[in-house]
Amino acid sequence: MAIDFDKAAERLRNWGRWGEDDQRGTINHVGPEALKRAAAEVVSGKLISLGLEFSQDGPQIPEITKRPNPQLLASDLDQIFNPANPRSRFNDDVIVMPLQSATQWDALSHVHYDGEMYNGCKASECLTARGTKKNGVHHLGSPGIMSRGVLLDIARLHGVDELPADHKISPDELNRACEKFGVTVEAGDIVVVRTGHLRTFTVRKDKTKVAGFQAGLGAECAEWLYDKSAAAVAADNIAVEFLGMESLTQEVVLPFHMLAIRDMGMPLGELFDLEALSQDCAADGRYSFLLSAPPLKVTGAFGSPINPIVLK
Amino acid sequence: MAIDFDKAAERLRNWGRWGEDDQRGTINHVGPEALKRAAAEVVSGKLISLGLEFSQDGPQIPEITKRPNPQLLASDLDQIFNPANPRSRFNDDVIVMPLQSATQWDALSHVHYDGEMYNGCKASECLTARGTKKNGVHHLGSPGIMSRGVLLDIARLHGVDELPADHKISPDELNRACEKFGVTVEAGDIVVVRTGHLRTFTVRKDKTKVAGFQAGLGAECAEWLYDKSAAAVAADNIAVEFLGMESLTQEVVLPFHMLAIRDMGMPLGELFDLEALSQDCAADGRYSFLLSAPPLKVTGAFGSPINPIVLK
Amino acid sequence: MAIDFDKAAERLRNWGRWGEDDQRGTINHVGPEALKRAAAEVVSGKLISLGLEFSQDGPQIPEITKRPNPQLLASDLDQIFNPANPRSRFNDDVIVMPLQSATQWDALSHVHYDGEMYNGCKASECLTARGTKKNGVHHLGSPGIMSRGVLLDIARLHGVDELPADHKISPDELNRACEKFGVTVEAGDIVVVRTGHLRTFTVRKDKTKVAGFQAGLGAECAEWLYDKSAAAVAADNIAVEFLGMESLTQEVVLPFHMLAIRDMGMPLGELFDLEALSQDCAADGRYSFLLSAPPLKVTGAFGSPINPIVLK
Amino acid sequence: MAIDFDKAAERLRNWGRWGEDDQRGTINHVGPEALKRAAAEVVSGKLISLGLEFSQDGPQIPEITKRPNPQLLASDLDQIFNPANPRSRFNDDVIVMPLQSATQWDALSHVHYDGEMYNGCKASECLTARGTKKNGVHHLGSPGIMSRGVLLDIARLHGVDELPADHKISPDELNRACEKFGVTVEAGDIVVVRTGHLRTFTVRKDKTKVAGFQAGLGAECAEWLYDKSAAAVAADNIAVEFLGMESLTQEVVLPFHMLAIRDMGMPLGELFDLEALSQDCAADGRYSFLLSAPPLKVTGAFGSPINPIVLK
């Protein structure tokens, strides 16, 4: 790979930085100042959702991704509370869903390499059929993920709706996007990267490409995020990172995932729908905002479905 | 019941107020001004989660509530991406959960009476085994639920940790709480009511009482919330409203639910964990804050699990 | 349709025949004599399974059939019973599956028309989000489905591997099959009809046609089964009955289903894999056998997954 | 423990006996002769189910057993096939269930010790979050489990309804039962042992004891079953084997499970309801019969729910 993976990994490794027992990683960068800065971004009072719907018509193709789309089933329908007074009725439901099925945070337990997860816990000691004993997503949910968000609209930087599938985003492009869109990434910010890829699902209605090779961040971008002390990174693609043949065949498969999640302890936000946000930012020229995306506190989970919302 | 239900229902009914096709109800009260007011509340940059964990050890007792606790199962564990390069591994999971199992929003389709749901849609035409065709929780998730939150700490008003089970909260108490805690509920605010009831689960670890008779809002409080143009109401109990024998035996069972959800179109937030927030508000004397609790956009669902977060 | 549906329905209707509370329908035809006759068929001691596997690779295409394939997940893996003595380990699992996903019995509650199910129970009073109050599959499971089976190999009758999709099997063909294969259907027998259709899945590995138009029994065959006092009917296709455009557009959609299940109270066995049985019967010239296919006693279910086995 | 576990294990180990790739273990003892003998037992034509119902009211207490009871949910209710012809309707459902929740077979992958499963496959290479690569229950389902069954009614032998919880059944008692009830266990037979324990659930309706200490087979009985060349063993308790403090604290926890499943390759049938069968056998004096209990072919599963049926 372009970068020397193991050397980069050593430099970026945040293990012990926030204590031996830390399970929140770079979310620790979000302190009171970052949160106040986030609130200070609110000018127009406009609210935008970045979340996909969770439904049988979601972006998964089980034969390809091994993940079924969410299945919602009623458990009570038009149910009478009290037969003696049948006017009042209620409805309840149950969902069966992969936590990675649509818009989501990857928890710090989602990936690992060389047998160790973030902060040095042994995969063999943590992983169970009922979830992980360490780095479960509930730690990211306490108190939750909120901060200033910054949109780096790489598709717009290049004047296209969607980056081509073989486009690997470089740190230099991130810098150029900051410059063009007039933003500076500060400690504790959540970096939101737009590739346009999700339009294959939301606009072009072609699910076959959602999980294929696609544009995204190159491994070097992990260093950029580290140097900026970013709290998290999210994108409108399936893995945040660039997916090409090399991603799956190099010595460390999915190197950006490994550096970000396992070494830095940085949650990745995937399948964020950034179309409305992109248009809004282009319209008002403001690419920073308050971003709220609290994961569900699912005990021991490897990720969480979310509905991220932006307040500008 | 103390109030004339049908007369109150007629007065509070918001059907058509936001259009014939509206499926968001009182969330429509949240406009740019309310959101800017919410952001303006941020002073200390302190973040607090109000969400319970979702786990097998959750607050449900299936024999009593008919709802199992969430079940998390790994679908991939220590899985190698590419056998030729086995350093990188990943973990995925699946959850089976009632959407009403822990901290959650009731969608506008969660309850109804006389065969009609919020905004006049016929239950018989909307309800299916795969969810509802109208008033699904995904409408509340677009763009999501965020606003200024106001804590009315009724337990603290009375100087107790937990209100007794037979305590039905009156509008007068809500007014006294506003006065005592120095807050004024404005249009679009989310009213958060603390009874102390959830301490039976979070502090006293006694699940047997979570779903029993308990303190909560009396039906008249729906009128109060209507008159304040509140956007939503949440509490640290199982149904927001007071639960006593009368709740289940009067002509319209669960009258507050029916007035709020079905007539007003107001989402109810249940099983919010308010202990940390209560202590923080008491410490700094500030009972209003930015509250972010975006429901998952589960298409057609009767509710959504959430992790509500407060930024002060 | 070729037959006068309502007239046929009236003649075939078994309501009340086995009591007002009966929920087992034509399975009542299986008495001690039929069971002894079944056992008497055993000559070679050969056992053959007619069941498909239940797996993610099953015959469903959720986008078409609205049914996901079964999902199996471990709930305990390599789990130590007692940490002090870690030699012994165990593994447990959980399945999420549509009861109609592969080889299965349709219960008497699976279909209905004009608002009534088998034996006159009102659909509106029986159907709930948690299953049916009447005619649940557990009644067919008590004591279970076993009898003499008779293979009517219609594909072999015509000298083909698979009947063409537009082949609607007639009573006359059933008679000719009996004659050719030397069997007489007697009261209490389970009639097993082979069309060859399932080869699209088991042999040709083309799932796209499993749920499409396909060969099967015409509605008149319900009369034939009634007159024979058959206990049940099964086939190697998705609905036992012929599926063509007319099946879905005539006044009573799926007329064979309606006559058999709702009027006669006859369970339908679907997606039986009959290839090995067909070859074995052709080899030894014996087309009758003991057939055991006990449904799981899933309380209130509309069907049951099964592994039907034949002993010859 | 009373027996020298490792010495017994070595003697009973059937690895390689039926080939290096065998995944069916002692079910291989069931050949044509055993099956013909089973059919020859049929005299009265009486059918008896030994299966429990699968429902929310099943025998599991999740807090104790970590297994939820089965949850059945409708996926289609009163659903119209074709809106233009709305007379015909259908109902479909989905189940979420532990495969070990009620009456079931343990597959040969259900337990193991010293890192190896039946026939020497390494647990670490076979076990995945989506099931096992070897010894999955689908192998037992091909062609299925049917044979002559023999009831050894140990409770009746002692003249009690239920054996006391501290009663560990010895090989000598099995011999005495054979003698008293006039049966001889032959190669390929399925041995069915009655303790009366399940009456705590089926008769006394006290679920709290279903999973507690209870009567069952001592480890030495594995040797007895081996010497008889039994095909399988089933009982009306939760683990077939005796459960006392020693079961969980000795060096090899659950020694009977380990000898039978892991070394011999013998499936265990658990939570069989033997009350009706016991009464019937006592009434007609015939303790042998045809037993059909085909497991569902769930690919890679550690067990299968079943509805075992007896034909006498």
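A, B, C and D are the chain letters, set down in written order, and residue numbers restart from 1 in every chain.
By our rule, contacts are C-beta pairs under 8 Å (C-beta built on N, C-alpha and C of every residue); 3 or more make two chains touch, one makes a residue touch a chain.
Just so it is clear, the structure is predicted and the values come from calculations on it, not from any experiment.
Shared contact partners of chain C and chain D are A, B. Fitting chain A to chain B on CA positions gives a rotation angle of 180°, reported to the nearest 5.
Between chain A and chain D, two chains of identical sequence, the interface residue sets overlap for the most part, with shared numbers making up over half of the total.
Between chain A and chain B, the centres computed from C-alpha atoms are 26 Å apart.
Mean C-alpha positions place chain B and chain D at a centre distance of 46 Å. Each of residues 56, 66, 71, 73-77, 92, 94, 96, 128-130 in chain B touches at least two other chains.
On chain B, the positions that touch chain D within their shared complex are 56, 62, 66, 68-69, 71, 73-77, 79, 92, 96, 128-130. Within the complex formed with chain C, the residues of chain B that make contact are 71, 73-75, 77, 94, 96, 129. Of all the residues in chain A, the ones that touch chain B in their complex are 30-36, 38-40, 42-49, 51-57, 66-67, 70, 72-78, 81-82, 84-85, 87-100, 109-114, 123-124, 127-132, 138, 141-144, 146, 248-254, 257-258, 290, 292-303, 305-309, 311.
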